[in-house]
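Have a look at the structure below before the remarks.
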């Protein structure tokens, strides 16, 4: 039997500042522009979590969507929603919070949490309505 | 010459009930929650059909989009739109109508219907604005 | 100080059948087409609730959005989500569940529930991504 | 000749904290929840600016959309995009940055700036994909 | 009994050129920029037609949505879809095809066509995903 | 370190006519329908450009999004926005402007322009809100 991918979309709102702590404010402003603003800015992030597996014969489900939602909420959303990503998210400590780095750390938070037979397949993270990142591990 | 994918989006509205007929109502309600409601519930499904091929030298088309739309309408949409998926769709008989199982049966309805040189590449089926399934055969 | 409108969007999935019980199945099918299917069909409804008032001097809020969400969930969403509107919603009994009638009954469920100084201003109910109804009481 | 409304949508990303400086942190947290987080959070705001007037006989325009965009960018967007609304926006000083208060101050920034015959009709400000405010002065 | 508004969304794709035939090409280019390009440009227009009335006691409908769709298709869509608005639409002859003028002419095509008890309430015409016009007669 | 994909969405509005110059008007109309209209029609194209690479250790970026936007604007958007694709785009000369052929030529405009370590991964081009093409080279 073939494998199917299922995707659940979740939202969170957070503040961040994209800067390199080894650089001066001038250098950060030159490289990152407004994204390096020391007073922070923020986004309504839109996260799509895709997992893959063979549907269970008894339920027709790769994974129960309520379980998928709960897992992502407990491992990711509750840590970042209405938070400052630079200051308050332990698993982002020491990481420049670009969308690229952020999605890779979210992957690490999730990849080992799925039941047998279900694999994390892709994360898509929209930072604004105009740009997103995709990560497949 | 390289191959290109083209995707057409179609919509339909249907009722269904996700339950396992081998189980009691209690067990179904425990596993599937509101999705097992014996009085049915329903969705506005959004189906994206992706086919792949090399554009024809004389038309620039992988496949005429009107033909693609007609094919999906005649093989899928007219069977399911404003229908009860459990009771009225012959090719879903005996299948638990989870989104996963549903997209695999839609694949079976379409995969052998394309002209030479055109292959069904992917189906994406959104059951609500918050979750979808993807199937590549 | 001027009044401001705030809107919260909520979703629910339900089954229904649009038919007039005083008519024969033939007549219903003639008038309502697939919407009268005796085996039901369903939708992912999208409800936008708009209330109006003067922002409170101490909070800057017309009404706390969490309270607005809770109110609509307890008075409307929990009654209709994953339900059959014809069979299971007491406040729709004896009402033909057209989108027009449905939005007026949702209005009746909500209009007297707001705190002093806050008025229900408009309900917008999308039944499919292609059509909606608006009601202002 | 009748009047027509034209609307231009613009986006910006900002950080903020919704709190009342006359209250303790405990009281703020109790009333505003995560929105009062002293470490800030943020949003991708979506602003729709609607103006009204009679189309000019020579251009068919109520107002040139490029002019409308420039006006909103110079009076609003450049002040708030990638900024901290509490700390860096002079015209929000002393104002609790709820969406309600924010939209009223944006109105004040724009209302007297339009050419003769064009009137600001409505502002719609989406703070998240799930809620918005509307203001008509 | 109160009145309810119902809205149907329809799409069409067309070419146009916004220019004043009394002006030189230079003057047109100065005023209208790329919109005056003599070689045309085009849009995927999104038209929302809103009508108002009291729901019929026997159907629960203000107006059958299939009838509303047919009416707009026969009076508007079939004239403009995959057409050049300046050259091929008789009821736009002599009219500068700004979105403002266009929506007023669409209004004239529709306003007298509704059955008794149903009134055209509003037209909303999106020319791009970033701007729209609204007209209420 | 793993590679990440980043996507930027851009828009443009253009006119075109899909026809084969080796055929008669009758044959073109038979094959292409309204798309072959000699008076042109047009679309609001939505282009998603996806590039892939390993995030830079010092910035956390695969590529600066402002640079990605500038590159696509200078190589593609400024050539096609508010233009006639058949008549005014030098790199579409002699090419039937189907969405399939169009996306392949946009690929050719972009593929060799990226800095070392960054690769063009996919282009997705929506011609209407209902259909798109995808190309991966």
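We call the chains A, B, C, D, E and F, going by the order they appear; numbering starts again at 1 in every chain.
Going forward, a contact is a pair of C-beta atoms (placed from the backbone, for glycine too) under 8 Å apart; a residue touches a chain by one contact, two chains touch by 3 or more.
Note that the structure is a prediction, hence the values are computed from the model and not measured.
Chemist: Applying the touch definition from the top, give me the chains sitting in contact with each of chain C and chain E.
Modeler: Under the touch definition, chain C and chain E have D as mutual neighbours.
Chemist: Over the chains that touch one another, what is the least number of steps taking chain B to chain D?
Modeler: Step count on the best path from chain B to chain D: 2.
Chemist: Among E-F, B-F or B-C, whose interface repeats C-E's (more than half the contact pairs identical)?
Modeler: B-F
Chemist: Chain D-chain E contact: same residues or different, taking over half shared as same?
Modeler: Looking at both copies, the contact residues mostly diverge.
Chemist: Taking each chain's centre as the mean of its C-alpha atoms, which one ends up farthest from the centre of chain D?
Modeler: The chain lying farthest from chain D is B.
Chemist: Give, as an integer number of Å, the spacing between the C-alpha centres of chain F and chain A.
Modeler: Measuring from centre to centre gives 28 Å for this pair.
Chemist: Give, as an integer number of Å, the spacing between the C-alpha centres of chain F and chain D.
Modeler: Here chain D and chain F have centroids separated by 33 Å.
Chemist: On chain F, where are the residues touching two or more other chains?
Modeler: Each of 33, 129-130 in chain F touches at least two other chains.
Chemist: Of all possible chain pairs, which ones touch?
Modeler: Inter-chain contacts occur between A-B, A-D, A-F, B-C, B-F, C-D, C-E, D-E, E-F.
Chemist: Give every residue of chain F touching chain B within the complex, in rising order.
Modeler: For chain F paired with chain B, touching residues are 18, 20, 22, 31-33, 95-101, 103-104, 129-135, 137.
Chemist: Would you tell me which residues of chain A are touching chain D in their complex?
Modeler: It comes out as residues 11, 13-16, 33-35, 37, 39-44, 46, 81-84, 87-88, 127-130.
Chemist: Within the complex, which stretch of chain A touches chain B?
Modeler: 2, 4-9, 50, 55, 58-62, 65-66
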